[in-house]
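In structure tokens below, several structures.
Both complexes shown next keep chain A, but they swap its partner, so chain B is in the first and chain C is in the second.
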Partner chain A sequence: MVIKIEGLDFAYGAGKQSVPVLKNINVTIQKGMITAIIGQTGSGKSTLVQQLNALLKPTKGTVQIGEHVVTNKTKEKELAPIRAEVGMVFQFPESQLFAPTVLEDVMYGPKNFGATDEEAKKAAKTALKRVGFDATLYEQSPFNLSGGQMRRVALAGVLAMNPQTMVFDEPAAGLDPQGQEELLNLLKSLRDEGKTVVLISHQMDQVLALADRVLVLKDGEIAADEPVDQLFSRPQSWFAEQHLDLPETIAFQKQLEEKGFVFDGLCKTVPDLAKAIKKQLDPTKIQTLGSTISENGEANHE
Partner chain B sequence: MTDAITIKNLTYSYPEQGQLFDNFSLSIQEGEWLSIVGHNGSGKSTLAKLILGLLDFDEGEIRVFGQKLQLETLAAIRSQVGMVFQNPDNQFVGATVADDVAFGLENRQVPSEEMPAMIEAALKQVGMAAYADREPHTLSGGQKQRVALASILALQPKVIILDEATAMLDPEGKQAVLQTLKQLKERYQSKLTLIMITHDMEEAALADRVAVIDDGRLVENEAPRALFLKGQELAALGLALPFAMALQKDLAIDQPVYRTKQELATWLSKLKA
Partner chain C sequence: MNNLVIGQFVPGSGILYKLDPRTKILMTIAYVFLLVFANSWPTYLWSAAFLLMALVLTKQGLGLYWRGIKPILWLILFTVVLQLLFSGGTPVLFAFGPVKVTLPGLINAFYVVVRFVLIVLMSTILTITTPPTAIASAIESLLKPLKVVKVPVSELALMLSIALRFVPLLMGETDKIMKAQKSRGMSLSTGSLIKRAKAVVPLLVPLFVGALQRALDLANAMEVRGFESAEGRTRYRELSYSKADAWAFGAVLVFAFGFIALNFVS
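So, the complex of A and B:
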């Protein structure tokens, strides 16, 4: 299922109170890929993704979600099937939790789409396991959980519904480092299963590691829409204009380039970067300097 | 040196779950910058809520600037400690952004003629002055976090506790907040104590000391320069290394030495063929 946005404008509220947010958006979200959406705080990322499952309707223009076309005039009752096809994990997970227990919360989606109790429970447990949620907490209220635990429940809620397209709004926020690593693997495996994944993230390293394509929003407009390698090959000054950072590995690579190191292509991971650096070091210098380096990176000459 | 916060032999369990803290002790010196890290559900937010007296502990004691935390001292202690909550929505009380900042000031009986200037200064500090009249719930995630921070900064508390207060900020916003905190530390020196709960190891590394909590136990408690040399132990605790240390580990060419990104770049340029 492809999602196609054409000529979209969006404003919150109407008349004098209206706050225009998105302007002239034309993008296509390809199926079976991970599309990342990045941009400064308030640039319109969360507003944009809420058009993808018709939680918000365009003020102007159209959003085509598979066979459904959503415009300003689309009736609420026509939107229900879209919600089954496009699942969404919100920026603040609390806002989507509601059931008396964790298990019931995650079972709600499948049941709502016609699964039996038994099937829903099975789907819920599989999903909770997949996000590394502690099984001893299944009967707890989802509100009596830590921030990262709530995040996992919200993620599981969408996984259990098994929609074709899944949208994640800052899913790593609140997860511990191990949880972030697991999330990365989860999103990759969803793509491998043929799902369409949309990811909003402020963590450029995550975007670099995961995304096939990246949309950059600036003040509600698309500033870039291109494959991830092409995007991160842009100069640092361009990222500064968007008020964005380069991923750590690439920023460090650039820092070393200024000191005379040479790399062919982008180093996407820390091990890759380490390998590329090591090739350029002088073994004899490592021998003599290696173990006698003081804390500030200066050699100790005794 | 006096303690800003002393926690001694603390015991606490939520009614719904088993024992979380059992005989937990930790002190934080006046003027110190402490990071608290640990896996999800390890007890960080709970500890912060206990310090603020939002939860009642079962045994042990908590002192804030020597004053024992109990019903009679609750108000006095809360006026010295400001906390930015993990979810800003749980913190908002005002109908507008400006009201929200004003609310805390009113609670501290700031004269009303002084308030507008203080509100504006606090919102400016986080780049949100233009949003003073907006309803907090209509803000974007990062904007909410900025306002939540402004509401606490306006109060100029002696102890600031930030519970993952930068998790939703964009890279620039995060840098700006950390810069603001550094400046405040410089200005107030020992008069400002900072406790930062975070999953971001770069951020944790800015502190004087990092406390690692694992299921309610204090398992590490030392300066970042020492802590981040313990790659294996940290991985076992579900933690990561700051970028420069992770890279250095993969380079595996010398004895472990703590280096920042800058230091690592300088050192590598010396080893270049």
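So, the complex of A and C:
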């Protein structure tokens, strides 16, 4: 399913008090890819993703979601089916939990979209298993869980609806490093199944590691819309203009380039970077450096 | 939800913005109190004239006030229907079987609408021209005499201002949870009444849990910063009466005398 946004303007409120947030957005979200949306806070990222499942309707322009076309005039009733196709995981989604037990909470979405109790239960269990939630806790109240476990339940609540597209608004915020890692793996596995994933993130390392394509928003306008390699090949000054940081490895690579190093392409990981550096070093000095940076990129104190 | 004008402060530059909040609260109370005794069209006309003057002095567009009235139109309509159908008296204007619409009923209904609209507009003027924090400190100041009978006025005022401060937060939170549940297929506008009432549960539970959590966090944050008692707190803006307040009190007095006189005449 492709999501196509054309000539989109969006403003909160109406009349004199309206606040324009998005201006002339033209974007196509490709199927089966991870598209990252980055930009400063207040640049309109969250507002943009809420157009993707019609929580917000465009002030001007159209949003085409699969076969549904959403405009300013689309009626609320017509929007419901879109929500089944595009799942949305908000920032700190654990605040949406409400049911007496974990299982019931996860079943809420599928049941709303017409699943029987049996089907919903099955979908819920599959989803909970997928996010690594402990099966002995299914009958617990979600409010007795730890923050990380609550996040898993909330994620499962959207996964269980089995939407073709999933939107994540800073899903890793507030998770411990291991939880973040698991989450990123989940996003990858969703993409590998052919699902479309949209990700808002402030962590550039995450974007570099995960995204296929990146949208950069600045003051409600698209500042860049390109494959991830192309984006991070832009000069550092461009990122400074957008008030964005570069991922650490890329920043380092760019510094080395200024010192005369030559790389063919981006080094996305520390080992890649280490290998590329090693190739270019003076063979007489490689002995000493080789012992401090090993092949896997970790410091070596032998 | 943001279209609700009642209880919302709208910045502006009219004279009413410069009045002490205590003056405005007392004015509103006096106005509403008097209006309850209005019994004839001259008194209503007199009251409407006073309101119109206040409206003009806020220097806000009439559209704003219309938006304030709009959400309660149904409530007004409902009271009108009740008045029309159950007032009794003679002469009867129409009759559909046992249901009779009488002239006194019609007149009553009209008065009720006018009274309702006047009261709502006057309170809207108060909230539009006065920030919630100013209202809270004005209430504290007005309640001060009750300290003599051991009413914890400072605590009440602090509770009030905290509650007011939480309103926009809770509205934001409601919006967020509503969107999350809508994404999971919640629908508040379809199905039978019972179904719709049930559909609110996924909205209310997270809202209450979140609000209680916030309250606990706030209590802790206040305690770790040494909060002990609301008594004797200093404030950033001290309230003080000015010349404009004297004029306002004068205007209210003139209104009150006129009102009482007109009420006696008829």
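Rule of thumb we're sticking to: the second predicted complex is superposed on the first by the 257 of 302 C-alpha atoms of A that agree within 3 Å, B and C clash if a C-alpha of one lies under 4 Å from a C-alpha of the other, contacts with A are read in each partner's own complex, and residues count from 1 in each chain.
Assume a residue touches a chain if its C-beta (ideal position, glycine included) is under 8 Å from a C-beta of that chain, and two chains touch if they have at least 3 such contacts.
All of these numbers come straight from a predicted model, not from anything done at the bench.
J.: Does the superposition put A:Leu145 against chain B (first), chain C (second), both, or neither?
T.: first
J.: On the A-aligned overlay, A:Asp176 touches which partner chain: chain B = first, chain C = second, or both, or neither?
T.: The answer is first: A:Asp176 touches chain B but not chain C.
J.: May I ask you to decide whether A:His202 touches chain B, chain C, both, or neither, giving the answer as first, second, both or neither?
T.: Only chain B; A:His202 stays clear of chain C.
J.: Using the superposition on chain A described above, determine whether A:Glu6 touches chain B (first), chain C (second), both, or neither.
T.: So A:Glu6 meets neither chain B nor chain C here.
J.: Let me test your reading of the model: by the given contact rule, A:Asp212 touches which partner, first (chain B), second (chain C), both or neither?
T.: After superposing on A, A:Asp212 lies clear of both chain B and chain C.
J.: Just chain B (first), just chain C (second), both, or neither: which does A:Gly157 touch?
T.: Only chain C; A:Gly157 stays clear of chain B.
J.: For A:Gly260, is the partner it touches chain B (first), chain C (second), both, or none of the two (neither)?
T.: So A:Gly260 only meets chain B here.
J.: Chain B or chain C: which reaches more residues on chain A?
T.: Touching more of chain A: B.
J.: Once the two structures are superposed, pull the chain A residues common to the chain B and chain C interfaces.
T.: On chain A, the residues that contact chain B in one structure and chain C in the other are 95.
J.: In the complex, go through chain B and note every residue touching chain A.
T.: 14, 16-17, 38-42, 44-46, 86-87, 89, 138-143, 146, 164, 167-174, 199, 201, 225, 238-240, 243, 246-247, 250-251, 253-255, 257-259, 261-273
J.: Considering only the defined contacts, which chain A positions touch chain B in the complex?
T.: 12, 19, 39-42, 46, 91-92, 94-95, 134, 137, 140-141, 144-149, 151-152, 169-170, 173-180, 202, 204, 243-245, 248-249, 252, 255-256, 259-261, 270-271, 273-275, 277-278, 280-282, 285-286, 289-291, 293-299
J.: In the complex of these two chains, what residues of chain C are touching chain A?
T.: Residues 2, 173, 176-177, 179-187, 189-190, 201-206, 209-210.
J.: Show me the residue ranges of chain A that touch chain C in the complex, using the header's touch definition.
T.: Contacts found on chain A: 13, 50, 53, 55, 76-77, 80, 83-84, 87-88, 90, 93, 95-99, 108-109, 111-113, 143, 157-158, 161.
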